[in-house]
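Two complexes follow with chain A in common, the first pairing it with chain B and the second with chain C.
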Partner chain A sequence: MEGIVATGLIGVSLGAQYALLALGFTLIFGILGVVNFAHGGFYVLGGYLAYSAVTYLGVPYALAVIAAALGTTALGYLFERFVLDRLIDDHLATLMLTLGLYLMMSSGLLVLFGPQSPAFSFPLSGVLRAHGFYVPIENLVVLVVCLVGILSIYALIYHTDFGRALRALADDRAVATAQGLRPKLLFPTAFALATGLAGLTGALVTPILSLAPHVGDPVLATSFLIVILGGLGSIGGATVAAFIVGMVEAFSAVYLGGSKGALALFVLVLIMLVVRPSGLFGHRVRGA
Partner chain B sequence: MTSGREQFSREVTRAESNSGEGLVMPPGDALGVVERRFDRREFVIGTANSGGMRLEVTGICKRFGGLHVFNDVSFSISPGEVLGVIGPNGAGKTTLINVICGMLPPTSGRVLLDGRDMTAKPLHVVSRAGIVRSFQQTNTFRTATVRENISRAVRFSNGGEGVWQAIAPLIDEFELAAHLDEQSDKLPYGLQKMLGLVLACAVRPKVLLLDEPAAGLERRERLRIDAFVRHAVTELGCGVLIVEHDMELVRRLCPKILVLDSGRVLAEGSPADVLSRKDVIDAYLGTMDEAEA
Partner chain C sequence: MASIDLGAARGGSIAETASVVIIAAAFVIPWISQNPAIYSLANQILIGVTAAFSVYIMLRMNLMTFAVPTFMAIGGYTMAILGLRHGVTDVLLLGIASFMVPALFALPLGALVLRLTGVYFVLVTFVLTEITQLLLFEMPGWTGGANGLVGMPAVTLFGIELGDNRAVLLVTTGLALAGALITAAVTRGLRQHFAAIEENELLAQSLGLVVWHYKAFGFAVAAGVSGLAGFALVNMLLTAHPTSFSPLSSVNYIAYTIIGGKSTMLGPLVGGALLIWAGDIFALRGEFSQLLFGFLIVVVVLAAREGIVGTVARLLALLSSRIPRRSTINRGADALGAPAATESQP
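After this line comes the complex of A and B, so read on.
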C-alpha cells in the first residue's frame, strides 16, 4: 500500500513537470501551427542557465530559476519575432528552423560545457516521512512550483483578455486578425511564454534528474507523445495526458522495470491513434 | 504622377455623380428603409458613431511574379452604397478583397478610406480602421460557442455592450438566438456562414467586403443575405462590396456592378445595362443567363 502511494506521488510529480512542458508545446502548436522541435532545447538551456547563475555568479538557486525562465522567455521571443515569424505558414520551413535551433543549442552547450554532466544539485534535501511512506522534499518543491505554474497558465488562458486572444488565434487566425488582433505581437509573446515554461521546468528538474547537453531529446519525445495522446493543440488534453504519462512511467518503472515504461507508453499511444486518432480531447472536425 | 492624380480625381467626381438617390439604396427601399434609417440610428447606441466611410480604390494592380491577377481596377463605394463584383472563376475577385483588406499588398495602386491611405497596411490595422471582410468559407472560432464568438468579435474590436444591442436584430433574423450556447462548428453550414457575417457586423464596420456570402446556401437561406446587407446599409450606414456568383442575388442587392474578366474591368454600371452587354455575356454569363432573355 505504501509503495503504491509513494509511486503515485512520484507519478504526480512527474506528471506536473510534463504538464508544464506539454502545455507550452501544445500552445505553440495550437496558436502558431508550429511543431517546436526546439522545445527540449529550451528545457536544457533553462537547466544550464540556472546552473551557470548558481555556479559562476553565486546567485541563490531560487533566483537562478527565475533568471533561467526569463532568459528562455527572451530567447523564445526573439527567435519567433525575427526568425520563425517570416516563414510562419510554411510547415516544412518552421520544422527545419526549430530543429536547427535545437541542434545549435545542444551543440553550443556541448562546446561550452563539455559532454559530461556538471555538478548541479538541488539546494534542499531531506525526506518527508508520514504514515510509513516518504517523499523527497525536492520533489515536493518541484511539484508545488509546477502546480502553481499550471494553474497560472490556466488562469492566463481562460480568464484574461490575453488568453482569450490566444484562443481566438488558435481557432481561426484570419477571423481573429480581421477583428483587429495583432499576430505580430501575439505570436512571439505566445512562443516566448511556452519556451519560458520549458526553461522554468528545465531549471527546476535538471538538478534532480540530470543535466547534460543531450537531455532535451527525451523531453521533446515525451512532450510530443503527451500532446498526441491529449489531442494536438488541446490544453485540457495536454494536462490530463501529462499526468497519465507521469503515472504510467512511475508505475512501470517501479513494477515492470525502467525500459518497459517507454514500451507501455508507446503501446498506449498506438492504441489511442487507432481508436481515437484525434486524441483524448482532440477536436473533431464537422464534415461538410 | 500628375496623370495618376488627374485620373484619381476624375474617378472621385465620376463616382460622386453616380452616387445619386437611385444607386444609394438597394431595391429594398420600397420598404421605406430610407425613412427609418435616420430614425433608428438616433437610439441604436453602438452604431451611433459608426456611420459608413467612403472606400476608394484607384488603379490597383496585383501580380504574383509574372502572373497578373488584376490590372488597374478602380472604383469607389460611398456609405450606404452596394457594389457587386462579378466575374468568372479566376477573374481575381477574392484576390481583390484580399488586397483591399490588407491580407495581400497590392503591386501598385491605392486604397483610401475617407481619404486615409490604407494601401498595404496589415489586416488588423485595416479592419480597425473600418474595412471589414467576411470569408468565403465558414470562418468562425470553431471551439467556442456562438455567444463567445460574438463577444470575442466585440471585445477584439474594442466594442461595448451597445454592439450586442445593435446586432440583436441580426441574431433574431438568422435564428441564431436559439443556438447561442452551442459550439459554432456544430451548427449547420448555413448558420455557420450567417454567424460569420454577424461577426463581421460586430466589429462595427464602416465598409463591408463580402466574399461570396451566398455560396453553399440553400435558396431560402439566401434571402438572409438580403436582410443582412439591408441591415448593414440602413442600420450601420456601411458601404458594401459583394463578390457573388448568384446573379439573382446580385440583381436584387446591387444597384451597381463591376465585371472582372481575366483581371481587368470588363464593364461597370447597373445590372440591367451591364448584364445585357454582349461581351459580358460572352465572358461570363453565356449559357447560364437564359432566364434573362
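After this line comes the complex of A and C, so read on.
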C-alpha cells in the first residue's frame, strides 16, 4: 500500500512538471499553429542558465530559477519576433526553423559546457516521513511551484484580457485581427510565455533529474506524447494527459521495469493520432 | 508551390540523370584511391544521400517524414537476421529483401498514417521512430536488444566474398545507385500525380485521381529506399545496433534534403555530400557540425527556400538571361522583379 502511494506521489510530481512543459507547447500550437521542436531546448537552456547563475554569479537558487525563466522568455520573444514571425503561416517552415534553433541550442550548450553533467543539485534536501511513506522535500517544492505555475496559466488564459485576446487569435485570427487585436505583439508574447515556462521547468527539474546538453530530447518526445494525447492546442487536455503520462511512467518504472511503459504510451498515442487526431479533449482540429 | 511547367520537368529530368551518374561515378573510387578515410567518407555520404532520397520522395507529396530511421532499421535488421540466422549472403537477394520488407511493412502502416497531413503526419512519423527505438530494445529475441546483432557473414556476389574495405564501398555504391534509380523512376513516372497531390489533394481527388493509391505507393517506395540505406549502414558498421537508427538521426536526412534543395533530386545529393563532408571536417568536434546544420536550416528556410541547388540554378538562370540583353530600359524592372519573385514563395 505504501509503495503504491509513494509511486503515486512520484507520478503526480512528474505529471506536474510535464503539465508545465506541455502547457507551453500546446499554447504555441493552439495560438500560433507552430510545432515547437525547440521546446526541449528551452528546457535545457533554463537548466543551464540557473546552473550558471548559481555557480558563476553566486546567486541564490530561487533567484537563479527566476533569472532562467526570464532569460528563456526573452530568447523566445526575440526568436518569434524576428525569425518565426516572417513565415508564421507556413507550418512546415516554422517546424524547420524551430528544429534548426533546437540543433543550435543543444550543440551550442555542448560547445560551451561540454558533454558531461555539471554538478548542480537542489539546495534543499531531506525527506518528509508520514504514516510509513516518504516524500523527498525537493519533489514537494517542485510540485508546489509547478501547481502554482499551472494555476497561474489557467488564470491568465481564462480570466484576463490578455488570455481572452490569445484565445480569440487561436479561434479565428482573421476576425480577431479585424477586431483590433495585434498578432505582431501578441504572438511573440505568447511564444515567450511558453518558452519561459519550459525554461522555468528546466531550472526547477534539472537539479533533481539531470542536466546535460542532450536531456532536451526526451523532454521533446514527452511533450509530443502529452500534447497529442490531450489534443493539440487543448489546454485542459494537455493538463490531464500530463498527469496520465506521469502516472504511467511512475508505475511502469516501478512495477514493470524497462521501457515497456513508454512503449505502451507511444503505441497508445499512435492509435490516438490515427483514430482521433484531435486527442482526448480536443474539439477543434487546426487546419494543419 | 509545385510548378508542372515543362521547364521545371526538364530541369527535373536533367537533375535525375545527373544524380544517377554522379552516384554511379563513385564506383571508380576504389580504383583511384587507397585512403581508408576517403572510403569511410564516401560510404557515409552515399548512405546519407540514399536516406535523404526517401525524405525527397515523401516531400513530392508535401509530406515531411521523420520515419526514415524506422525503415532503415527494418532494412538493416532484415539483412542482419537473414545473414546471421539463415545464412543468406547473396548481395542481390539481401538487397531485394531489404527493399521489399520495409516496403511491405509500409503498406499497412501507410493505410493508417497517410490519412494525416501536415503537422499531424510529422508528429505521427516522429512517434514511429520513438516506438522503433523502444521496440529494438524490447525484442532481444529478434534484434539482440541493447547488444545489437554482430558477426554477420560477409555478403557475396555470385559466390565472391565482398568483405574488405573496397568491396564494402562497392556494395554501398551499388545500393545507393539502386536507391537513386528507383527514386528517379518513381518521381519521374509519377511527376504529374505527385504534383497534383502536392498542389491540392482534394482537387486532385475530385478530378478522378485515386490519391490514396499514389500516396501508399510513394510511402512504400520511400520506405524501401530507406531500407537500402539501412542495409548499407549495417554492412559498413558490421553491426545492427539501435543507436544507428536513433529518432533524431532523421533530422540529419531532413536537413540534407532541405538545405540541398527539395525541388530536384540533386538537392538531397548535394546537401548530403556537402553536409557530411563538413561534418567530417569537424570530426573531432562533432557538436560543431550540428551547430552548422541548425544554422544552415534556419538560413535556408528564411532566405533561400529552394536550397543550395535551387538557389544556384536560379542565379545561373539570372546570369544567362542578363548577358545577351541589350536594352537598358528593362533592367530596372527586372531588378525589382527578381526579389518580388522570391517573396511570393509561400
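Note that in this section the second predicted complex is superposed on the first by the 278 of 288 C-alpha atoms of A that agree within 3 Å, B and C clash if a C-alpha of one lies under 4 Å from a C-alpha of the other, contacts with A are read in each partner's own complex, and residues count from 1 in each chain.
The rule we apply is simple: a contact is a pair of C-beta atoms (placed from the backbone, for glycine too) under 8 Å apart; a residue touches a chain by one contact, two chains touch by 3 or more.
The shown structure was predicted, so the numbers you read here are calculated from the model rather than taken from an experiment.
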What does the overlay on chain A give for chain B and chain C, a clash or a fit? fit
Given the touch rule stated above, what does A:R167 touch, chain B (first), chain C (second), both, or neither? first
With the two structures laid over each other on chain A, which partner does A:L87 touch: chain B (first), chain C (second), both, or neither? second
Using only C-alpha centres after the superposition, what angle do chain B and chain C make about chain A, to the nearest 10 degrees? 80
In the superposition, chain B vs chain C on chain A residues touched: C
Quick check: superposed on A, how many Å separate the nearest Cα atoms of chain B and chain C? 6
The shared contact residues of chain A with chain B and chain C are 286, 288
Could you please specify the touching residues of chain C with respect to chain A in the complex? 64, 112-113, 115-120, 122-124, 126-128, 130-131, 134-135, 137-138, 247-248, 251, 254, 258, 285, 287-288, 290-291, 293-298, 301-302, 305, 346
Residues of chain A defined as touching chain B within the complex: 161, 164-165, 167-168, 170-172, 174-184, 283, 285-286, 288
Which chain A residues qualify as touching chain C in the complex? 29, 33, 35, 83, 86-87, 89-93, 95-97, 99-108, 110-111, 213, 217, 221, 224-225, 228, 232, 258-260, 262-263, 266-267, 269-270, 273-274, 277, 286, 288
Can you tell me which positions in chain B touch chain A when the two form their complex? 101, 103, 122-124, 127-128, 132-133, 135, 139-144, 152-153, 155-158, 185-186, 189, 196, 199-200, 203
